[in-house]
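Here chain A shows up in two complexes: once beside chain B, once beside chain C.
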Partner chain A sequence: MTPARLDITQPETWPNRRVEDWRWTDVARVLREAPPPSPQASVEPGGPFAGLGGDELAVVNGRAPADARIIADGPGQVARLRFVSATDGTGHQARIIIEVKPGADLLLLESQEGAAAGYVANHILDIDVGAGGRLTRIVLAADAADALAFTRADVTMGGHAAFAQTVLTTGAKLQRIETRVSHPGKGASVRLDGLYLLSGERHADATSEVDHTGLDGQTSQLTKGVVRERGRGVFQGRIIVREGADGTDARMGHHALILGDRGEVDAKPELEIYADDVACAHGNTVGALDEMALFYLRSRGVPEAEARALLTEAFLGEALDRIEREDVREVCRAWLAERLSSPPPSSGAERGRGTTRRVVEGAAQSAAPDLAPSTASRSPSPAGGGGEER
Partner chain B sequence: MAATQKTVDTVKELERYKHGFTTQVEQEFSPVGLDEGTVRFISAKKGEPEWMLEWRLAAFQRWLAMDEPTWAKVDYVPADYQALHYYAAPKTREGPKSLDEVDPEILETYKKLGIPLREQEVLAGVQGAPKYAVDAVFDSVSVVTTFREELAKAGVIFCSFSEAVREHPELVRKYLGSVVPVSDNYFAALNSAVFSDGSFVYVPPGVRCPMELSTYFRINAENTGQFERTLIIADKGAYVSYLEGCTAPMRDENQLHAAVVELIALDDAEIKYSTVQNWYPGDPETGKGGIYNFVTKRADCRGDRSKVSWTQVETGSAVTWKYPSCLLKGEGSVGEFYSIAITNGRQQADTGTKMVHLGANTRSRIISKGVSAGRSSNTYRGLVSAHPKATGARNFTQCDSLLIGKSCAAHTVPYVEARNGSAQFEHEATTTRLSEDQLFYARQRGLSAEEATALLVNGFVREVLQELPMEFAVEAQKLVAISLEGSVG
Partner chain C sequence: MLSISNLSVSVGDKPILKGLSLDVPSGEVHAVMGPNGAGKSTLGYTLAGRPGYEVTGGTAAMLGEDLLALEPEERAARGLFLSFQYPLEIPGVPALTFLRTALNAQRRARGEAEATAPEFLKLVRAKAAELRIDMEMLKRPLNVGFSGGEKKRMEVLQMAVLAPRLLILDETDSGLDIDALKIVADGVNALRSPDRAMVVITHYQRLLDYIRPDRVHVLAGGRIAASGGPELALELEAGGYDRYGAAA
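Up next is the complex of A and B:
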């Protein structure tokens, strides 16, 4: 039973906190009316993963080329998927299809780039990993502090397929990165990792659901979070083992540090089990930095601020250690280190304003009806059209 | 496959619910259905003062405006609230003064259940056996309360709720509804409107209650709901340990039990509340009948350094919806929750706790052991939260589930809400089936599959069993084995 998808043009799809799955991420409270649709825009090729090669697919303001699909049909393929929000105070959504053919192997390097302020972004990925296929998805989410950003990936896996994911995020005014995995096939293996580092009043929600319906499924989840100042981290993880999904081995961990006095962490690690030949476990901890470790470092001559930074980095870094490819791991480490040393400005307004203005003017009104429900019947423009309807 | 066959055989012969008999006693009922008249009827029956009636009527109005909650992982046909008797009482002369005046049938019932209503019977046991006082609630009314004089000497008030309303109105008015407000939830509002009896305990400052107190609830009459209300107040520096037991006859239709328990612990006080719940679970094959156990239990650790400890062994009921909770308001107050929930047949349980940390340096500990067998469903649902002012709050939660059989379900739904940087919360949960290795080991030492399972399950729940008062621990241990009979897989 897959819950309905959020559609920013349809207020009746905006959940409030009375919807159990959204109790800590109240969309209806902050999104009062449908935002004006984002205009067409473009970006220079690049993005945080530029150095790692692979084909680039840039989805700017919700617009992707008409044939926006990523299909992997062989070993060792790399794709860079960039979701760029480039216009202040507007909204956009897009849906991308990703297909890993049986036996193929894809490294999906995804970035959420907030190059404007106050936008509303809603990105949906429909991912299919064929039998024996492998998908590694790495997400770097750098949204603006006053943005609302929702990403949802629905993943279906074939027999003996493997899916590994690591999400790094600094949150937004309200941000949710949701992953739903189901594997009807036998022997699928899933790794779902994440880390969040939240300052100011940023909010990040990591929600996941792994539905084990096939035999001998394996799931390993590790999410680490650090909340500074008045940030709020939300972790919701649900592991379902259906009747007959014997031999499932699922482990889930969520560990968070609250470093600011007004920070908040809400967690709900759920196990829903209908089969008996299983081993499932979850662990969840929330607390402050270990005073003993801090004392030890200081006794070795490390200044307090540095000791704190070191411990925080080590704490979060654990989630990155599980990334297999070294070059990818290094990019993620550098991304994290940069944000640990200088927290992102509490307002995203300064960032990308220069480029945004030009883009708005250039795009004019032509793309304005993009988000109207009737999108499907409209002929796609060369740079737009993609799949912004749900 | 011999073991499998044996399992099937034992399943068949199992589930003789030992407390399923009914008692033939002349009773008087309120008319079927629920309206303002029913509330007035109950209040008049109990000769209550005006303020109590008004409180009930207000609760009834709130209840009318509420909806039955549906968020729990339980699936049942809602009770028909207009088809129940809200009051059923054995016909007796006005307030029996001594046991000799209580209907012998009722005395016989308690004898069958092994509940000592005669004080000398308690003492007749092994020398040095601890005494415990009993308040016996039969359907809607309390039939007898033992050891009252001895308790009175210590200043402890232990009586039925109706009596407390008459004799200690100042205490009842001060504390009733102060922990579970009337509109707290659907079932609490219903209870507030129609509760008939229950137990009342007040332990004065500095007094350590000289014996265990206990209430034994028995639902007997057909088509009745039992709505009891328990209020326990431990004044500054007081200590009390309270036990609660429950059974009901086997009946094909569902019976409703919607109780409210409020505990209040003032500075340095400690309350230990233990429950062994063994309501009729319904037919294991068809799921017909059984008790709906929709209970609101909450403790208010109002005082600094106060402590409340909940221990529950839940083996009965068709549907359980129950979350004994602690509001940790006082500085340095402590809440504990130890639970064993066993479901078999077609039982459904959604149970757990809430630890709400409001004061500084409050601590809580949750140990929950769920065992599901047959075609049952067993959910742990818990909340641990820390308010921004609850600096230094600490919680440790462990919830383990054990699955016995292919068709049962076990769920874990913990909620953690930490709103300050110095709170430290740890939670761990596991779900597994009985270890084949351990079973094999026990069997090659000569134990039968059944004995081996009982041994392993008892080991699994031991951490909680040892928190029970001694008299209960023995009963509970037997109950664990009985509840699981025939579930070996």
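Up next is the complex of A and C:
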């Protein structure tokens, strides 16, 4: 059922816009030939979550120790998983197995660290959360502006398991962070949250699918996005409720602001319901900052730029409120605040690297895709809508 | 304090204010009354600098300085405060954060030292207690889920903390029951002082039983149609606005 995985060494696996699930993230358009493989490299221990403890697993240029897997077999475990891209103009991929044993509890602090220009990274996680287990996955994705970065997590769960995820990203030339959850119902719960903050010509694609196959499953999803300048945000969220998955409770929200006059947001929230007695809802909005709220703050003496920043941070911050651990939430808030106050370089060209063009060619012009179910671009008036089915 | 001369304002090409003149000296409270649609809220928004409110003629000055040339935040830093008829809900921004951001932005703009966290909290605690506002409420996002009365008390708390020189109260009594009205009026009255001035915009005379004006003006057809002492408000209550040609 799950679609084939992307392999950067195999051009036949590179989707183009004619593949429905990739219509807004056209890999074949920017990846013309397999990149030269990244060499072995190493990094100092650290990363954005270094202050939160736990064991560190660093996957540098796609290279991990041979038996690289993260296994949690008890309560209160913390692991830091770092994906570091360290070499300009090269490509790498890695697959990591994460296993949370029944009843165990893992906080997975994952970082995508772009420490080079023009790389192609492809990371795959196979995650299993055993019955009654809990996994909280936090992702901070800081890729280079001219990088291509793909992350995909396939998640399986046991009964009464809990999977909670929060992804923060600033995008890349082309970036996709994909999460596919096979939801067993049986009292299991899924929370899939995220935020994207895009400047320059950065692109971020948050794609997810939660497939409810059993009774009484819960899913709650909230993604918030802000697009500045010529950034492009993509949200594709699909929740499937299979026949027999009665009692499912699934909520999905995606809300984005377009702050520049050339930004774009494409959203496709989907509910596929084949069961009875379910409570499912989705809401999707794309708009501009509330001008009246902005005036209210200014009328109290807050300068316009500061007022905009405050409202923007508050808008995105809603996606972080649901992170349970306060110290983790604070790291995420600080990460966001830093990026709100100093936008990342808007172009890889600023790094002055020449090697990137060979691998990655053609600037991603933001041509609006045709027949977009919910596309807002250049005219940041409130658009989109919501729906509810019972 | 406030000197408005022959002010004309359009919103989306529609003329609303048509040559309004009004002087409010320091130490005085002036009521501006008028029928719906007369331009009362437009007056408040224009003085505060709301985008889209285009001044097509006339002047407005505060303590001799041209207000209309200033950005909204500059007007605030110089001591202008508009209490909104419908205070905005600001999701994600706790009321305390909002207050401190505003206070310190104003202080920075005036070249004053910012309030430290303890100074700020001491100030807010004292003012909140007077207005019977629970400090827990101030940890919640500003006005989100607040009742009408709570929102208006938050407006008065902002006034008390920011200590403006010129206060414009736009329909501050709307949505208040009598108990809430008394609390709000007490808060406003506590701010009366010889070096402050207030413009109380209201449709009904009721608020003026609690905030006693020195002068009353009738705003109709986009200009001040009549002015008088407090007794004018009672006449309006009895006779209505009809004689001023509401739709002029």
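Everything below uses one rule, namely that the second predicted complex is superposed on the first by the 345 of 390 C-alpha atoms of A that agree within 3 Å, B and C clash if a C-alpha of one lies under 4 Å from a C-alpha of the other, contacts with A are read in each partner's own complex, and residues count from 1 in each chain.
The working rule: contacts are C-beta pairs under 8 Å (C-beta built on N, C-alpha and C of every residue); 3 or more make two chains touch, one makes a residue touch a chain.
This structure is a prediction, so every number in the text was calculated from the model and none was measured.
A.B. asks: After the alignment on chain A, I want to confirm one thing: do chain B and chain C clash, or do they fit together?
C.D. replies: Taken together on chain A, chain C would fit alongside chain B, as the superposition shows.
A.B. asks: Tell me the contact category for A:L271 with respect to chain B and chain C: first, second, both or neither.
C.D. replies: After superposition on chain A, A:L271 lies in contact with chain B alone.
A.B. asks: Counting touched residues of chain A, say whether chain B or chain C comes out ahead.
C.D. replies: Partner touching more chain A residues in the overlay: B.
A.B. asks: Using the superposition on chain A described above, determine whether A:H282 touches chain B (first), chain C (second), both, or neither.
C.D. replies: Touch status of A:H282: first partner only.
A.B. asks: For A:L311 in the superposed arrangement: first (chain B), second (chain C), both or neither?
C.D. replies: second
A.B. asks: Which value, in Å, gives the least CA distance between chain B and chain C in the superposed three-chain arrangement?
C.D. replies: Taking the overlay as described at the top, chain B lies 15 Å from chain C at its nearest C-alpha.
A.B. asks: Is there a shared patch on chain A that both chain B and chain C touch, and which residues make it up?
C.D. replies: After superposing on chain A, no chain A residue contacts both chain B and chain C.
A.B. asks: In the complex of these two chains, what residues of chain A are touching chain B?
C.D. replies: Of all residues in chain A, those touching chain B are 20, 243, 256, 258-288.
A.B. asks: Using the touch definition from the top, list the residues of chain C that touch chain A in their complex.
C.D. replies: Per the stated touch rule, the residues are 48-51, 71-73, 75-77, 81-82, 84, 87-93, 98, 101-103, 105-106, 109, 141, 158, 162.
A.B. asks: Spell out the part of chain A that touches chain C in their complex, as residue ranges.
C.D. replies: Residues 290-293, 295-304, 306-307, 310-311, 313-315, 317-318.
A.B. asks: In the complex of these two chains, what residues of chain B are touching chain A?
C.D. replies: 71, 388, 401, 403-433, 489
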